[in-house]
Structures are given as C-alpha cells and as structure tokens.
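In the two complexes that follow, subunit A is the common piece, with subunit B as its partner first and subunit C second.
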Partner chain A sequence: MEENKKNRRDFLNTCFRFAAGAGIVGIAGVLAVKSQKGDFLWQLDPAKCTQCGRCATSCVVTPSAVKCIHVYDMCGYCDLCGGYFRPNVKNLSTGAENQLCPTGAIKRSYVEDPFFKYEIIDELCIGCGKCVKGCGAFGNGSLQLQVSHDLCVNCNQCAIARDCPSDAFSRVPIEQAYKFAGFKSNKKI
Partner chain B sequence: MKKSLAFISLLIFFVGMEFAAFSQQQRFPKPEFESGYTQPVTSMPVPSNGMFALLDVLVLIAALSLITWFILKKRSRTGVIAVSIFSILYFGFFREGCVCSVGSVQNVVLALFNPGYHIPLSALAFFVIPLVYTLFFGRTFCAGVCPLGAVQDVFLMRPVTLKKWLQKALGLIPYIYLGLSVLYAATATDFIICRYDPFVGIFRFNATFFMYAIGAAFLLISIFIARPYCRFFCPYGVILNLVSRVSKNHLTITPSNCIQCKLCESSCPLDAINKPVGVKQMEDKRSATRRFILLGLIIPALMIVGGWTGANFHENLAKVNSKVRLADEMLHFDSKTMEESLEIVGFRTSGKPVKQLYQEASEIVKQFYYGGWILGAFIGLVIGLALSGLSTYRYREDYTPDKGGCVSCARCLKYCPVEK
Partner chain C sequence: MKNKLILWLLVILLLVVVAFMAKDLFVSTDSPRENIYEYDLKELRKVDSSKISHKEVKQIKIQANELHGIAVDSKDQIYVSTDENILVLDSEGKQINSLKVRGEARCLTVAENGNILVGLGNRVDIRKPDGSLRNSFVVAGEKAFITSLTIDGDNVYVADAGQKIVHHYNIDGEKINEIGGKNPEAGIKGFVIPSPYFDLMIGRQGELWVVNPGRHAFEAYNSRGEQISSWERTSMSLEGFSGCCNPSNVAMLSDGSFVTAEKGLERVKIHLPSGDFKSVVAAPELFEEGTVGIDLAVDSQDRILVLDPVQKMIRIFEAK
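== the complex of A and B ==
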C-alpha cells in the first residue's frame, strides 16, 4: 500500500511538472512572438512637457538622463536668448549672474553680427528645463528636453514617467528614439 | 508635357507653402549666415546598453549551469559562494541590478495584459530561464545567481531559527506582494517590485535615504535571519517555490541513503529540512475525512471573504494609479482654499477635456474592482492552502529538503556523514 501511495505521488508530480513546463513554454512562446516587434525606449514628448523640473530630480540616474537638446535647425541665434539669460537681464554678457542655467551648462559664442550660437554642455546639464521654458516663452522653442539614450538605463517603469505631471513620457520604438516638437528628426538609429 | 509641368509647379507651390508655414511658426527665423558658419549637428546619442542584453542572457545561462553543476554534481558549498560573489559583482554592481528576474514578473504580466507593450527579449529570458532550470534542478537560481539572494547569503553569519508560526505567517507576505505587483502591472499602474527593491540602490550607489535605510536594514537582519527578503518578500520566489516542488532532480542532503543520524537536522538556516514523520503520528481515516470536508468548506469561504474585502478596498488600491489620483484631485479641487498642484497645471495645459479624464479614471477604477476581487480571492486561497498544509501529515522516513523552501545553498551537504 505504501508503495502504491508513493507511485501515485510520483505520478502526480510528473503531471504537475509537465503542466508547469507547458505553462512556461506557452507564456514564453506567446511573448517571444510579441517581443519580435522591436525594442522600445522611454522618451518624452516636448509638446506635452511643462518644464516642471521633476526630470532633474526623479531619475534613478544622477544627474538625470534627461538633458536639454538643442535643435539648431529651429534656433534663431538671438542675441537676447530667452533660454540663456535671466528675465530682465541688465547687460547681455556671459557673466554668471546673467545666466538662467543653474549649472552654467550653456555655452554662448559669437557667430556674426548680431547672431550668437548656444551649445549645451551635456556633462553639466541636469535636465531641469529652465532654459527650455525660457526659450519656449520668448524664442523659437529650439531648446527641448529629451531622454539622452546613452545615459538612460531604460528602467522597466521610468521613475520620471511616474512623477511627470503632464503625461509626457511614453515608450517609443527604437527607430524613433527622439521626439522633437515642431521639427521632424530623420535620423535613424 | 504641359500637364506634368503644371503638376510640378503645383508641387513646388505646395512645398513652398509648407516651408512658409514652418518658418512662420518661428518667432525669429533662422538667419542666413554670411561668414560661412556651419551649424553643429543636434546630438542624438544612441542607446548604450543594447549590446549588454544578449551578454546578460548568456552570462545568466552560464552562471546557472555552473552553479547547478557545483550543487548537484560536485556538492560543493565553496563553488556556490564563488558563483554568488560573481553574481553580486556582475548582475549587482556591474549591471546595476537591472535586468533582474524578480522584476521581470511585472514585464511578463504587463505584456500579457497590454497588447501595446512589447516585452524586451532579455526580460523575457530572465523570467523563463530560471524557471526552466528550477523545473529540472530546484531553486539553484536562488542559491547564488540572483544577486539579491546572493548578497543576503554572504552576510549570513549567526543564523537564528525563527518560530514556526512566525515563519508561516511571514511566509504569506510574498504571495500578497506577488498579487499586488501583478495587479499594478496588469493595470499598467506601477512596477512596485522595482520601486521597492531594497538592494538595487546599494548596487547603484544611488538611492533615496529611505531605500538605503531599507536595504541596510535587510542586510543587518540577514546577518542573523537567513535571507529575509527571499523568504518573506520575494514575489518571484513564490513562483520558483511552486515550480521547485515538482522539480525533477532536486538536491538531496545525502549522496546515497539516509541513515537518520540527525546530524543535518539543524544545519539549514532557512529551516527547509523536513524531518522524518513516524507512522504513529499518522491520523486515522475518519478524522482525515472530516478534516478534508472542513477544508473544502473553509477554503472557498476564505476566498469569498478575501475577494469581498479586496473589492471593498479597490478604490484605495486604485489611488496608486496616477490618472486616478489626478481625477480625484480634480474632483475635489477647490480654487478658493487650495493651490493648483503641478499635476493640475500640467493637465490644464494639455487641453484634454475633464470629462475624458474622468471616464478614463473610472475605467481604471473598474479594473481595480475586478482586480480587488481576484487579489482578495487569491490571498484567501493562499491562506486556506497554508492552513491545509499545516494540518496534513505526510509520512516521511528520511531527512529531505523541503523542495519548495530550499534554495539549494548546499550548507547541509557537509553535515552528512554518508559517503557515496
């Protein structure tokens, strides 16, 4: 009788084992087919962004993987740049007291009269979006916040996306890794 | 000829219109430079960790195979420690605790419930491969490949045995945690396992004070209590536990036949060694039948009570969802006494109608209502089965590892005097 009982238990175990195996293979199969559709990355839509400043603080990477990216094709090369200078600035010089950027991450250089070039120094940018707000309010909106994919660790659930008040973050296919408002990026990755 | 000329001119006209529209959008049109200035290229860095995905999966398979060989063939604890340290360094500090199998549960659930989400192949591999190994060899993944388990295991110095009732009670938490994380992943609300992962902040040297404190607390506790996170929190461990119970070649304490010498009895820090049960303790048929009927009544009753409770709490559960929270905030917003939060400001600038938001939110709340029923019923079922597990006698002659709870850490092996 003991022997019988043992056999029954073994048999049940084998049944469960095959059921579990079939379940695992089933789930893997269904999802593997789905995952063939390509890789996805997190990106924010500058058209929805309200420059609340949480990109700088919510990211699991320090400093944030969100950076200000300059879309040069949209830039007006203004002397009085709303993204570079504080409002009501006295004189248009590169003095620290005139700069809007808290880390001095924008480099202003003379091109030709009366135009100036503005470059973002990625290492200094913390993604706070202050310049983006200024440029959007007074200029063309050529400064835009974007997730810099070389820094982003592509978390399962983006910590900034969770905190974003304007629902600007979404998963995008890797072919369209960057989203610019008012300008179409043609670069393929 | 004429026709095509007209067509081309029309095309040029339209392109011109388009361009005009584009430049009109700009307040300060881009200047035409005379000094031969060349504009820098807008930087769009490519993803960096793409190539690591494949490497991670290969390393996972290699580490799993190696540790399984150490445990089952070599029966060597030293080998397990070596692989543990490698996993802490590679999956932990080098890869910064991401991608991990524990969190991949949520990716799988999200992918199953949301057709729009495509699970990364590496996350799927990290979910499936340890399960397959567990099905054949027991929880060798937990033994030392999982960096979360390994980091606790190397901290264990002075193991203390917990009271049985406490172990059973705390052992229910992982099921609840699994249920909650499945609920939140299925409703695309949040990935709570990743958010409250106690060690990932330590691996990254970057976390909030709160998460550092939790991680440090877990490590301190694991000096005395073996693997507190694995045993009393890990949701993936629940799945591995169930699969491991029917595993084919699970680790055995003795290499050949058990001589019931009792030497291994207290060697397991996880209390996962089943002691022999004498025939005398077997209950008679009548009481067994009565117990069976009683459990058959209690378990459905627990499931209904649990489901009802869960459904009653569905609004509280749904509050975690950002959309529901926003709708709730909008509903109770009083412009006289309150200041607009960033969320409300963001919503107003988006120009979305409030009605649509309320509709979407109520849709999600409804999902949580059904989810609450299912979650509650699941917890009821787990409690019921735990009760039935406590009240069944299973005849056992030898000292055997409890296939579900054992993580194959191989500590007990050197206590066995029997040689092959």
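== the complex of A and C ==
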C-alpha cells in the first residue's frame, strides 16, 4: 500500500516535469517560428476605407502616421483633378482657394498638354482622405490612404483601428507592409 | 458563517468583473462622430429640378449577369448586349429574340439594313438580322480594346480605347484609315483615354463624332480623317464634364443635340449642337453611386434610352 502511494507521487512528479518540459519546448518553438515569420504592422485596406476622417484625428502620432500615397500607374494625370480641386472651381489654377486639401499637401505640376502631375507632400499630409474621396468619385482612385511605416509607432492596439467604422485596419506581415489597390498592389514604397 | 459571506462577496465581485468585461467586449460605445474633414459629395449630386427636361416613363428589366451596350434600329427595336448574348426587344420592351454571340459583347450598333455590329474585345462581328454571322474581323494590335463602333453606309468606325485611336474599315473588314492620331500640324491633339470609356457616333450629316474623354471634348471628323469641328467643356458643374474621362457614353437627338452620360457624378444631360449645356435628363439621384458604363440610345421619337448596368434595366425618358 505504502509502495503504491510512493509510486503515485513519482508518477505525478514525472507528469509535471513532462508538462513543464513540453511547455518550454512549445514556447521556444512558437518563438522560433515567429522570429522566422518576422513582425506584424498595422495597415489599412483602401478597398474598405470610407474616408471618414478618423485617420487624421485618432492617431496617437501628430500629424497622423496615415498619409495619402499616389499610385501613379492608376492616375489619369487629369487637368481637372477631383482630388486636387474643390468642386465648382472657377479656374484650374493652384490658388489656395481652389484646392481641396485643407493643408495644401498636393503639389500640381504641368507635364505636357493636357497632363498634370500630382505629388503628395508627406510633411503636410494629415491623412484626412478628402483628396482620396474626390479622386475616387471623379477619377481612377489613384490617391489612397496608407499607414506610413516610417512614422507609425506600431501600437499594440492601434487607436485608428479601434475607431475605424469600416474595419479597414488589420495587422499585416512586414513583408507585405503596404496594401494599396491598383495594378501594382503590395509593392514597397 | 463568516467564510460563507466572504465566498458570496467574491462570487458577486467575480460577476461584476465578468459583466464589465462583457460590456467592453460586446457593447459598442461608438457614437457617430462628426467628420471635420467631410467632403460632402451629396451636395454635388443634387440638381435643380428646373433644369430637368425629361421624365422617366418606363423601366424595362433585363435578365442578364452584365449589361454592356444598347442600340436602336430604324424600327425602334431595342438591342442590348450582355456578357452572353444580344437581346432584341420591341419598342415597348417585349423580348423578340436572343442572339448568341461568341464572347462578351462590349458594344454594338445596328446598320440601316438591320445588320448588327458587335464589338468583342479586339474583334468585330457583323451579324445579319437573324443573328447569323455575315463576316468578322480582328483589330490589329496587342492593346486593341473596342469600346464602341458605328456604321455609316459601307464605312465602319471602331473606337479602340487600348490604342487610343479610331479605326476606319469597310463592311468587309478592310482597313481604310486611322482617325484621331496626334497630328499637331493638322491641329489634332490626339485622344486622351485614361480608362476604357471611348465612344463615337454618326452625326446628322454623316460626320463622325468621337468623344475625347480625357479632354472632356467632342471632335468631328470626315471620312478622310480630317477634323472638321470640336468643342470641349471642362467643369465640375452641370455646364461641363469633370473627372478623368467624361462623357463616358453619348447619343444624338434629331436636332443635333448631344445626349451625354457621365461616370463619377452619374448623370445624363443634353448639350446643344454648340456644346453649351441645355438640360438634365436623369439626375445622379436616379443611379446608384459608383455606376459606370451608362450607355445611351435615342429612338425615332427622340425618346432617350438609358442602359443602367447596375440596376439592370433600360430606362426610357421622354421630354416633359
């Protein structure tokens, strides 16, 4: 009987040791796999984005780490650009009163008749998405919002993702850090 | 007794904690917040009712996966091209026939003699009124993509959005000429086509009218390819066309006025032969946002037939 009790204790001890060992091996395995896969970053899906303006106001970084990017291979290089000009502009000039962007973050320059190039000035862009909405409504949708990873501090819980009404934010592998729509989606910028 | 009390208190505390956690997890505290950067496109979609000249008198539902083009023949029979076939309807919308086509019929037109010309990618099929194939030819070029075609007698004009040119063939498919290529000496600026919307039609005097959507312009050519007239209107207001490529589709009324369909701000308008804005046929509110490829046709009574590819129907408008 006494021997039996001893045996049970030994048995339980062995079980605990085995479980602890398996746990350590498991954690080490998971960490090894994770370190191989690399890190994850926050990114937004332009196909889901509704340009609600919260990227500009909810980000913990000021101004927001979300910026407009220009996918040039989708752009029509329009003279009357719906992302650049306010509706019902009197003339197509670069006057501040004609510009849709609240911070003047889009630079318009002449290429050749009838084409104009539009460049985003990152330092001025606040990620409000007004130009994105205008371009999507009137043009080819070449202006798109993306989290700029050189500015994003990659919070554990992204404040914009929490506030995003269209659930456009998700964590993406670092190898596919950008998700803009277009002919060359997921290319690095 | 004391232990029991502590136990109950702990249970209550646990329930409170669980309730708070459940609230956090399942109850949304999101309240609608004002967007201080709002770009309200709804305002742009509003049209003053005094500018609307037509009323919708009929809707004809079409059973098809995708609707691409509409045309009307001299007897006011309606032809609709879909991803699978061509439907032939009488002027009241009753289906008369369904013609099989080989591929997705992106555009079509009907000749005076009833022959049906269909654009399928880079191929033009010419079918007899009974649907049998008369002849067929391919538009050369890797990027060839036919978005519209029209016929005037023996002359077939094909709008090729891929190569940004109009091809002139005879009815047998022999190439005669190319129209609209950039030629500064002749004053031809060239077509600007940022997206695959490139329409054309024959005018009242047999001239070829081609839309230059990137310039928001109409250009008229004779059969030798010489530009004989043009007008352009760039504006976000009703008076002109906006965006990268508008108007997307066109038709002509018996008085030579232009009927235009736009994307972006989905609307159908009439412009006078001079190009000046005349009136609105269908305001943006009649279409679902994001509708593209609204094709147009005009019958002998000057009724305007609008193909709505999203709501999958033909909408017929008459002057008020």
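Note that in this section the second predicted complex is superposed on the first by the 148 of 189 C-alpha atoms of A that agree within 3 Å, B and C clash if a C-alpha of one lies under 4 Å from a C-alpha of the other, contacts with A are read in each partner's own complex, and residues count from 1 in each chain.
Here is the rule we go by: a contact is a pair of C-beta atoms (placed from the backbone, for glycine too) under 8 Å apart; a residue touches a chain by one contact, two chains touch by 3 or more.
Everything numeric here is computed off the predicted structure, so don't read it as measured data.
Q: For A:56, decide between first (touching subunit B), second (touching subunit C), both and neither.
A: Second partner only, subunit C.
Q: For A:87, select first, second, both or neither according to whether it touches subunit B, subunit C, the two together, or no partner.
A: The answer is second: A:87 touches subunit C but not subunit B.
Q: I want to verify the contact counts: of subunit B and subunit C, which reaches more residues of subunit A?
A: When the residues of subunit A touched by each partner are counted, B comes out ahead.
Q: Is A:76 touching the first partner subunit B, the second partner subunit C, both, or neither of them?
A: A:76 sits against subunit B and subunit C alike.
Q: Of the two partner chains, subunit B (first) and subunit C (second), which one does A:165 touch, if any: first, second, both, or neither?
A: Once the two structures are laid over each other on A, A:165 reaches both partners.
Q: So, does A:134 touch the first partner subunit B, the second partner subunit C, both, or neither?
A: A:134 contacts subunit C only, not subunit B.
Q: State whether A:99 touches subunit B only (first), subunit C only (second), both chains, or neither.
A: After superposing on A, A:99 lies clear of both subunit B and subunit C.
Q: Contact-wise, after the overlay, does A:43 reach subunit B, subunit C, both or neither (first, second, both, neither)?
A: A:43: touches no partner chain.
Q: Determine, under the contact definition given at the top, whether A:64 touches first (subunit B), second (subunit C), both, or neither.
A: neither
Q: Touching subunit B and also subunit C: which subunit A residues?
A: The overlap between the subunit B and subunit C interfaces on subunit A comprises residues 52, 54, 75-78, 115, 139-140, 165.
Q: Contact residues on subunit A for subunit B in the complex?
A: Residues in contact with subunit B: 2, 13-14, 16-17, 20-21, 24, 27-28, 30-32, 34-35, 37-41, 48, 50, 52, 54, 60-62, 69-78, 111-112, 115, 117, 119-120, 122, 139-140, 146, 148-157, 159, 162, 164-167, 171, 174, 177-178, 182, 185, 187, 189.
Q: For the complex, give me every residue of subunit B touching subunit A.
A: Within the complex, subunit B touches subunit A at residues 25-31, 33-35, 37, 39-50, 96, 98, 103, 106-108, 111-112, 117-121, 123-124, 128, 131-132, 135, 190-191, 194-195, 204, 206, 242-243, 245-248, 322, 341-343, 345-347, 349-350, 395.
Q: Which residues of subunit C touch subunit A in their complex?
A: Going through subunit C, the ones touching subunit A are 30, 33, 35-39, 41, 43-44, 189, 192, 194-195, 214-216, 234-237, 242-245, 264-265.
Q: Write out the stretch or stretches of subunit A touching subunit C in their complex.
A: Touching subunit C: residues 51-54, 56-57, 75-80, 82, 85, 87-89, 92, 100, 102, 113-115, 128-130, 133-134, 137-140, 163, 165 of subunit A.
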